[in-house]
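Next come two complexes built around chain A: one with chain B, the other with chain C.
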Partner chain A sequence: MRIPLEARIESAVCPGCACLCDDIDVTVVDGRVYQAANICLWGASKVLGHKRFHPKKERRRLAQPLIRHRGRWQTVSVDAAIDRTAEILIKARQPVVYGLTNAGCGAQAAALQVARQAQARLEPADLAWKAPYYQSLKKYGVFWATLEVIRDEADTLVFWGANPLHSCPRHVVRYSIFARGRFTERGYDERRLAAVDIHRTELADLVELFLQVEPGQELSLLQEVLTATAAAGGAVSKKARRLAAMLQEAHYGVIFFGRGVSYGPTPELLDGLAGLTARLNEHTPFVLFPLSTDFNAVGLYHLLLRELGSPLAPDFGAGEVSFHAEPLRWTDVDALLVVGADPFWFLSAAEIQDLHERRVPVVALSPVANRTTGHAEVVLPVALAGVETPELAYRMDGLPLSLPALLPASLPSDQQLLQQLAAALGCSHRGMACV
Partner chain B sequence: MATLAEIREFLPNSDCGQCGLTCAEFAEFLQRHELAPEDCPVLHELDYAGFIEALREVLGEPQTKPAAGMAVDPKKCIGCGICVTLCEYHLGNCADVRLSKGPRDLEQVIFHIVNGLVVVVHQEHCTRLVQAAEKCSKCAQHCPTKAITLY
Partner chain C sequence: MRLAIVGGRVFDPASGWDGQERDIYLADGRVVDFLPAVDQVINARGLAVTPAGLEIRSPVAGFGQNFLRLWGGLPSPAELGHTYALLGYTHVHEPCLTLPTANYVHQELAALPIVDTSASLAINLRDVDLWLQDPQKLADVGEAWAYLLESTRCLNLRVVEPFVKFRQDFYRYRALTEEVVVNRLLTIREQMRLPLTMEATPALLTLNLPVHPGLHLSGLGAALTDEALLDRALHLLATGLTADMGLLPPAPRPGFPSRPVQVDLGWFQPFDLLPELEPQVARRALRLAVQGKEWRLAFSVASLLSLPLSSFSQVFAWLGDAASRRRDWGDVQLEGTHSFTDWLRATRLLPAQYLGLTDRGHLQPGARGDVALYDLLGSDTWAKNCQRCRLLFKAGELVVHNYEVVQPHVAKATYYRRTQAVPNKLVADLCQYRSLRPENLQVRVQPHQHWQQVA
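The block that comes next holds the complex of A and B.
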């Protein structure tokens, strides 16, 4: 009889979302996660990833590199798939390295290298609402705090276009709505809460003030709140007055905003939210906090700021690097390398059809089969970062955490493959044979 | 009702502590039908074959079924842990929960989160069941997906 190998890892870090919860107790049996305690369903689907445990979250793992040849998949070696990818990127005029918010810091650094070598544009998956945020910081200054400080001190929280229960479920328990900390010992009972959204979300039952607005009306609501907080008079609706009053009565407040702001006129909304935060800061500490979803979205912006001095999307195409705050137009792309994201999940049918008609080659690095791998010409399976390979990731407030591997990996990491790709690109550019 | 002495005849009486109690305390829980013979891990060893069945016979059927309890719908639960953090009992008895963390495996909690879903382990601690006058329903009330039913 074979005795199953059992290991227990206490206080592991969950790579499920940007909360990076660090209180997960994992039991590994025979090289598979058997049990993970304290992890939410999101994290569980990533760490367990098997039908057996979660019939509703089945995920098909990829095992072999694939290349599409005359419409049919062929299994190839890693080297062949990398060579084909290098070829695609070199041939393209406007290649894009896309995604990276769901990838560790090592993979992100390697992807930046690839973008440089391939003279490509590097596009963070959440650029649409992060770029305006960083631009607003430039104008109004930084209003920031760690999640622990928020947990300990914040007595008023607003969620603007953000639903933590969908993007990072345990955020509400560990750091925001229900969290108890040093000066917030009674947690939920002594916090004042508001949420603004275009749909009725689960937050509606949990917060004191839930403002459901028509799509496109966020900006006018925000302007009314700004008017109400200013001394000067002006027409203000009852909703806006209530929200403004709540904000002004705070001792320590946080405005969490999420992906929802990307539907509105995003730069104006962020400008308004940052302006509001700045005004509230004249009287009391207030923080403007982007509720990142993907587990290392923040790490990518740290990398860009550190390496290039700008949080915007760098484009290495024109010989020297240029930066973009506007999300890319898919109609401009002529080759796509996707890492740590699944853009085909949200692209419109027209955009997908356009990519098809122009035969834009797509290369996907992914641990699991998803819509992007389904449309790809080259698929490179990778190990699960933070589960099967060690990685470094930045929590949503910018705290770097190291994620040790919980399981042995049978596939290369995305970092390894991207490094190999960068090397392949470097060689071909210099017209040399690779060693 | 079975006496404690009768029950202890069929316990290992080694006070190994694996059940979190002494054997004498375990016997009291058995007598009140709050734990079952299977909850003693030692009794599952080969040396004690037949003891569990014998204990069941000694104990007989519980007099009354618990009048109240809770049920969780695993199809709805998303494992957010709001119920775990808000629970009145946890607040008084689990330091990790007071610090907004998840409880450790072996803590005596009413429920915890395993593989992304809530699991009820010690329903008997629920203040609703312990003190009939207590009207706590915080877990069910604040569950964002309405996965908990108290009855």
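The block that comes next holds the complex of A and C.
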């Protein structure tokens, strides 16, 4: 579809985070976004191409495929970059396709195909806290609600290791803290709110109960809350008792948890949170809800469950697919294809050093320059998904939304490149020349 | 392509053929009376020739079904599509699509290969309770539902909770009983001429439901919570009411969670994706299926989780073979069995009629060339016949040959009803409650999806 250079696009979907706000009205002038109504600063950074929360600093877009040769960048054709990537993946013994939580459904499906062809492991960027979540569901059962139902019905919200003001800013006005729903017409005034975090966050000024805990102490707090909610007695601190009382007085409750749970012993924390939710659910509806940040993290787990029957990281290396709940050990990786993520942002200096020393080739598909592209051997620039190319993504509650293209694209989409890569890998395995 | 399927024993309840040897001709994807010359002849000697099946009951694409894959209960869409084809089915209907989950369900249905698909729009009466209370506004309700039916690309309307109740005490005064609701719904149905399905509940079964063309009772099996309700259900069927039901297993499937798997979509009760099995209810459901064969009762299984596709032939054997019944159900006191034709009627002809797909479920001239051929092992052991399909044609195209899928990319479509209704004020009000703008609630037509209108 040709995108006009001047246009007004109403009800566009923002690919800034997993809220996928669908009320963005965009004015395009001269092939650039001139105005975007209703969008938050975070989403604007994606649509307008500036740094997060720094509207004056533009993000550097990548324009040409690059290959690093003897330490120097060389501009190459897309085909040459794809061939080099295929070569890297085929040579590797333990290749990993990493990230994908910030990629559309089309790209994710193509990446799954690449992982199969390359006999690689596919690692979602947020596996560390999502795998334990799904494992806890398996143990305790599921009570799920859409954001709309949560907005309409929930009168008690707890944020555990989650700060929506940073991870998905409009969540608080559209679905949670301030949102007015059908049966929560007074919004903020009608809800009871609590938050648990190891740092004092902005939520502290908004909630009735803010529990700041020392790092590593979340689990003992949770156990005390579990004790307080159980009929049997036990030693419980005052703050745990207050939180437990708030949960037990709810008519409809939600425990939103975020990336913060990955600082603690994550499997135990999620097991405790799911157990607590299941116990509360015996009396009143209670939802345990992961506050996904990346715009299509949910789409990726949806794809894995639907196609492979497991939300864990699939590994196609051993002929048959195996699944991992534990995040990968970077020391095991010998080739890395990164899509829709920037792992070098959070890798430790020692891990980066190790990857360098072992000369692990990194291939990055990215619309912008970031730390990962800075360490890559092959860089493939792509169009911005959901801004320059249409995509499909799943909102954090699992509802899919079509993201229209707002701007004309001068670069191929990540989906196109991954499909091309999958085809190249298929040909190489069969010893054929790809035409 | 002109095709003759010759020498087979044809079973087609719509035509009254019960195993007579005859030839079936297909031209341009449809059944025709006779062709003087054909491009291909299929020798069907020793095979049962039947219309292809339509799945109307087992949810495969509803919101939340994906959670069930955590326990390995639901195969991938590719496996589902292939298995349905190998069983001789060419159409799968999802019984539960709601306004906010319309795009979700259609994505899931699009992922099923081979089989055509469709869905029922489940309407939440709680959203229109004030309009239902006012007889003057019923036409507006019908108009709004007709619009939503087309905009969500569904085939029919389904009322899952045939009452209005609120979880919040404050709204108790707005509750509506089953009796009032049925009354209002029949008026709407009368005005709009839209096919309407009501999920059976114990309270609904005790009402004096009229036989009404276009009114269909769904999920009869799970509603049989006591013996009197079984008698009541049989009585309603005897009056001519059309219905469908899902068969239940005699015992829970081992390895499945005893924990709840529930999804709250803002109804009075959350949707229970893994309801606890009550053996007595399961027995009554089986009795209903066996005793209801004379009437207009279509069936499948209640859930692919409790009775997976691989067990279909075993499930159908409970209906056709008293020995299988005894083996799996013990001392169930049950007279009568389904013949092969009875089973075909309940899994082909009646589902097609219920969905309004008039060219499906039979082999009369004009029908689409969806034909399933099974090995004929004997009429008393017919359930074994349908274990796997030897050949399957979809719109005249060979999809399964010698028990293997040979055309996995055969054309498929999603069927929906064209109502040409325009949005009214109620539609705007309904959309206002949603967390998505109306434009994003509408089903997005993906280029790879093929849609087919039913008038």
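Everything below uses one rule, namely that the second predicted complex is superposed on the first by the 422 of 435 C-alpha atoms of A that agree within 3 Å, B and C clash if a C-alpha of one lies under 4 Å from a C-alpha of the other, contacts with A are read in each partner's own complex, and residues count from 1 in each chain.
Criterion: contacts are C-beta pairs under 8 Å (C-beta built on N, C-alpha and C of every residue); 3 or more make two chains touch, one makes a residue touch a chain.
Note that this is a predicted model, so its numbers are computed, not measured.
Once chain A is used to superpose the two complexes, chain B occupies space next to chain C without a clash.
Touch criterion met: A:D205 reaches chain B, while chain C stays clear of it. Residue contacts after overlaying the shared chain place A:C17 against neither chain B nor chain C.
Look at A:R174: by the touch rule set out above, it reaches both chain B and chain C. In the overlay built on the shared chain, the residue A:L399 is in contact with chain C alone; chain B does not reach it. By the touch criterion defined above, A:R151 lies against chain B and chain C together after alignment on the C-alpha atoms of chain A.
Here the vertex is the CA centre of chain A, and the angle it makes with the centres of chain B and chain C is 100 degrees, a multiple of 10. In the superposition on chain A, A:L365 makes contact with neither chain B nor chain C. When the two complexes are overlaid on their common chain A, residue A:F183 makes contact with chain C while staying clear of chain B. Legend: residue contacts after superposition of the two complexes on their common chain; A:L89 is shown touching neither chain B nor chain C. Superposition on chain A places chain B within reach of chain C only down to 8 Å, the least C-alpha distance between them. Residues 10, 23, 151, 174-175 of chain A touch chain B in one complex and chain C in the other.
In the complex of the two chains, the chain B residues touching chain A come out as 75, 77-82, 84-86, 96, 98-105, 112-117, 142, 144-145. Put simply, chain C touches chain A in their complex at residues 63-64, 66-67, 69-72, 75-78, 100-101, 103-104, 107-108, 111, 167-168, 171, 257, 259-266, 270, 273, 433-437, 439-440, 444.
Partner chain C is touched in their complex by these residues of chain A: 10-11, 13, 22-23, 134, 137-149, 151-153, 174-175, 182-183, 252, 278, 281, 285, 287, 302, 305-311, 392, 398-402. Of all residues in chain A, only 10, 21, 23-25, 35-45, 48, 53-54, 56, 151, 165, 169-170, 172-175, 178-181, 187-188, 202-203, 205-206 touch chain B in the complex they form.
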